[in-house]
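Each of the next two complexes has chain A plus one other chain: chain B in the first, chain C in the second.
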Partner chain A sequence: MEFIFEWFRVLYDETGINLPFLYDSYDRNRMVNGFLTTIWLSVVCLFFSIIIGVIGAWLQGSAFTWTRRIVNGYIQVFRNTPPLVQLYFFYFAIGTILPKVENDWGGQSPILGSFAWAAISLSFFAGAFNVEIFRSGIEAVPKSTVEAAEALGFSKIQIYKDITLPLAFRVVLPALNNNLVNLVKTTTLAYAIAVPEMLYEANQIWSDNVNVTEMMLFMLLAYFFLVGILVGGMNRWERAMKIPGYG
Partner chain B sequence: MTYKTDLPVMMPVAPRQPEPFLRLSLWHAVPIAALTIIAASLAFAAADDTRLSPLAVLANWIPLLLQGFVFNLAISVSAMALGTVVGAMLGLGQISPIRLMSSSSWFVTQFFRNAPWLVLLFFAMFLLPFEVSIFGLKIPFPDWFKAILGLSLPVMANVSEIVRGAVRSLPSGQWEAAESLAYTRGQTLWLVILPQCVKRMLPPWMNLYSILTMATVLASIVGVSEVMTLTGRALSAEGGRPELLAPFYGFVLLLFFAYCYPIARFTVHLEKKFAVIT
Partner chain C sequence: MKFNTIRTLAMTLAVSALSVTAVSADILDTIKERGKLIVGVKADYKPYGYLDTSGAIIGIEPDLATDVANRLGVDVEFVPVVSSNRMQFLEQGKIDLMIATMTDKPDRRKVVKIIDPNYYSSGTNVLSLKSLGLASWDDLKGKPVCGIQGAFYNKATSQTYGAEIVAFKGTAEAYSALKAGNCAAFVYDDSAIVAKTNDPEWADYEMPLPTIDDAPWGLAVPLGEDAFADLMSEMITEWHKSGRILELETKWGVANTPFAKAMNEKFQ
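Up next, the complex of A and B:
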């Protein structure tokens, strides 16, 4: 391994192509941490956005007009405003209103850090899309299937959990994967509030080493492969989940 | 027309009403407005009265912010125009029968579709020179121009996919019928296929425009003075009062919502209108 790293140092000396995140252990750690932060942020947002989507889709089917209206309002507001402004709104506007806690050094620090706000904001953003996706999936489940379950004495919750969701899940998987890919790409916005994710760390490295061209090309390739692998894996999963006769 | 009758007969089926577009109900703006006002007044209650109230300060800055927003729209329109022209060519390249052409177009499309918008914007910002000299003539590249180029890259890739998807979605009978009428490939594309595709491409294209408009605020990260940058400057000019943050950012949210929501409604309306009945 060291041999390969050293080769990149020689490459820099010989040709001037500077890739410090490969030969310099400090920069390498920063890059790896940034990559892990990107993955972790995506996973957290994915988890919460799916929860928001499921609950929202369930509330949209409720009998109360006002519940449906509030959910619709939430969807429209978050779909039609820029995610970056949402992030700023959460981080700066709401973050400063919330109470502060005392940190280990005796100073005042906000109750939620930048990572938490990025996770909250992006979850709500992706969740707004998920509500619509799940609702269309639930509507795609044939009414006769639900009626058959009712005839068998399933309760409303049981029907939702055991009949509607598993069938709807297969219908929505392509759209959900699309949204997931979008989410991974949107995590770069967390750069704006200094969450140490991949783009932010790359920025740190190119500020220290003045190798913008190399880092920029590396970023493009890194996201290309990250998203490419994700899309490939999701397509395989879609094929594996397929039930003959449904979709 | 509906009839009232007790007779056990089947009523004529009412024709499906298309969704009226631009049905902007006022309450959609209520959540944002309420949130900003409540947050602002809550914070203001704690402050002393000698300073202007947050909303009065906001009112002072609104003309400047609106100018910034118009700049955003100008960026979005130019990036969309550029991206659509290049993307349409790339999309036609993807369906080309020449193997090399189609695979290289496919690769370019996938590459720019998979990269995040912000990374592409950085790419254009930092790697393009600030001026180019052609025949001794120096043409400056201002940062807004680079932002347009950077934003048009992902637009190009998405338009390319929209074009390819629309052409693929047409039944192959159209191609075969045109071929049997002795149309050349170019004629088939221009006279038979593409005119039918325009209808199918319009809703996703408008959707993309809406996404692009919302992405123009990314240019603030790289220092173009559009609405988000101006908001930041206005906030610091007011001395960084924390109770101003919510009204100002809320106002920017409201601006984009007011612009993008009608587009979204119109897109849904078009989708329903052009829906293929199966």
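Up next, the complex of A and C:
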């Protein structure tokens, strides 16, 4: 392994192509940690944004006016404001008014750190879109199917869980796919509140080594492959869920 | 290739500067004839050079420039400069003298005449809560430390002292993150931190550590102006000897820096 790393140092000496995150162990650790943080943040946000989408779409069909109004209000707020503004708002505005806790170094720090705020903010942001995406799927399920289920004595929650949602899922996958791809790319914004994800670490490395071109190129390829893996997975899932004769 | 270009450029600049000064008469004569010394100073670097409420440039460096003008027996005029144009202004003759928080670097000495001895110096330090009681840089180990994205000392602080750097885009974000308790300290230029500790809003904070990466500042005159350079060198020595720098630091609310104290002792 060391041999390969050394080869990149030679590459730099010989050609001027500087990839310190391969030959310098300190920069390599930073980059690996950044990569893992990006993946972890993406996974957390994907999970919670889908949960928010499913629950939100269910609540939108609620019989209570106020439940529907609250869900719609949430969608409007999070869909109509830029995610960067939301991040700043959560981290600098909400974060500072929450109670503080004693930290390891004997000071007082906010109860939630930058990673937690990024996860919350981005989940809500993507979740708002997911609610609308799931609603489109639910509305695509024929009324007659729901009526048939009601006639068979299914309860309201059973109909949503066992009839509407599984059918809706198949309809929404292409749109959901789009939104989740966007979500993974939006995690780069967490850089603004100092979450040490890939772009943040890349910025640190290029400030120290002045190799902006190489790092930009690497970032582009890294995200291309990361999102490529997600899209590949979603496409497989889409195929696996296909019901012959339906959608 | 890149290096060659820079070297050629630097050479060209140096040569052109020389040829300009060769034709013009001694700059000291020009200043006296004009009856006015034109000095390039910072206008955005409190308290070294900044604007007061009436828009006039005030601060430590303008005061030093006034000393020079008094010595020459002429009036003084300030021209606000920024880091990216200060050396060019001097080369083009827009200013006679530049006192603008410039770090003394060998490649800069090729373009302008930086006067020895250095008149000031700044380095890296941290701003942190008094209650934390930091005493050495090693105390930062494992603690989150705010920083500015792209600052050269971020790497050193995390690599040498084991701090976890939390870097923000600008100083405003870093200061508010420090205030909110997201980091144990904020690593930045010591000269800027000193100004902050004098701010009543930051009364609970201090600059507890010894300054590292200390780099001297140099004031400069155009290349080839040897008579003016000798005069300035003499003036700087006198400033250090008489304690003028220490006096100005006190006047503008800066704690006396180790560099100013050491220079004061050296020239006694």
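One rule holds for everything that comes next: the second predicted complex is superposed on the first by the 247 of 247 C-alpha atoms of A that agree within 3 Å, B and C clash if a C-alpha of one lies under 4 Å from a C-alpha of the other, contacts with A are read in each partner's own complex, and residues count from 1 in each chain.
The criterion applied here is as follows: a residue touches a chain if its C-beta (ideal position, glycine included) is under 8 Å from a C-beta of that chain, and two chains touch if they have at least 3 such contacts.
These figures come from a predicted structure and were not determined experimentally.
Asker: Using the superposition on chain A described above, determine whether A:A192 touches chain B (first), chain C (second), both, or neither.
Answerer: both
Asker: Please work out whether A:Q86 is in contact with chain B alone, chain C alone, both, or neither, and reply first, second, both or neither.
Answerer: It touches chain B, and chain C stays clear.
Asker: Kindly classify A:Y26 by the partners it touches after superposition: chain B alone (first), chain C alone (second), both, or neither?
Answerer: So A:Y26 only meets chain C here.
Asker: Between chain B (first) and chain C (second), which does A:D208 come into contact with in this model arrangement: first, second, both, or neither?
Answerer: second
Asker: Comparing chain B against chain C, which has contacts with more of the residues in chain A?
Answerer: For chain A, the partner with the higher number of touched residues is B.
Asker: Scan A:G233 for contacts with chain B and chain C and give back first, second, both or neither.
Answerer: A:G233: touches no partner chain.
Asker: Just checking: does A:P166 make contact with chain B only, chain C only, both, or neither of them? Give me first, second, both or neither.
Answerer: So A:P166 meets neither chain B nor chain C here.
Asker: Look at A:M219 in the shared chain and tell me whether it touches chain B only, chain C only, both, or neither; answer first, second, both or neither.
Answerer: Touch status of A:M219: first partner only.
Asker: Could you say whether A:T96 touches chain B, chain C, both of them, or neither, answering first, second, both or neither?
Answerer: Both: A:T96 reaches chain B and chain C.
Asker: What is the contact status of A:S114 with respect to chain B (first) and chain C (second): first, second, both, or neither?
Answerer: In the superposition, A:S114 touches chain C alone.
Asker: Which chain A residues lie in the overlap of the chain B contact set and the chain C contact set?
Answerer: Common interface on chain A, chain B vs chain C: 92, 96, 192.
Asker: List the residues on chain B that touch chain A in their complex, please.
Answerer: Result: residues 27-28, 30-32, 39, 42-43, 110-111, 114-120, 122-123, 126-127, 210, 214-218, 220-221, 228, 242, 245-246, 249-250, 252-253, 256-257, 260-261, 264 of chain B touch chain A.
Asker: Spell out the part of chain A that touches chain B in their complex, as residue ranges.
Answerer: Touching chain B: residues 69, 73-74, 76-77, 79-86, 88-89, 92-94, 96-97, 181, 185-189, 191-192, 199, 212-213, 216, 219-220, 223-224, 227-228, 231 of chain A.
Asker: Considering the complex alone, what residue numbers of chain C touch chain A?
Answerer: The contact residues of chain C facing chain A are 129, 131-132, 142-143, 146, 149-152, 154-155, 159, 165-169, 173, 176-177, 179-182, 184.
Asker: Which of the residues in chain A come into contact with chain C in the complex?
Answerer: For this pair, the touching residues of chain A are 26, 92, 95-96, 100, 103-110, 113-114, 192-194, 200, 203-204, 207-208.
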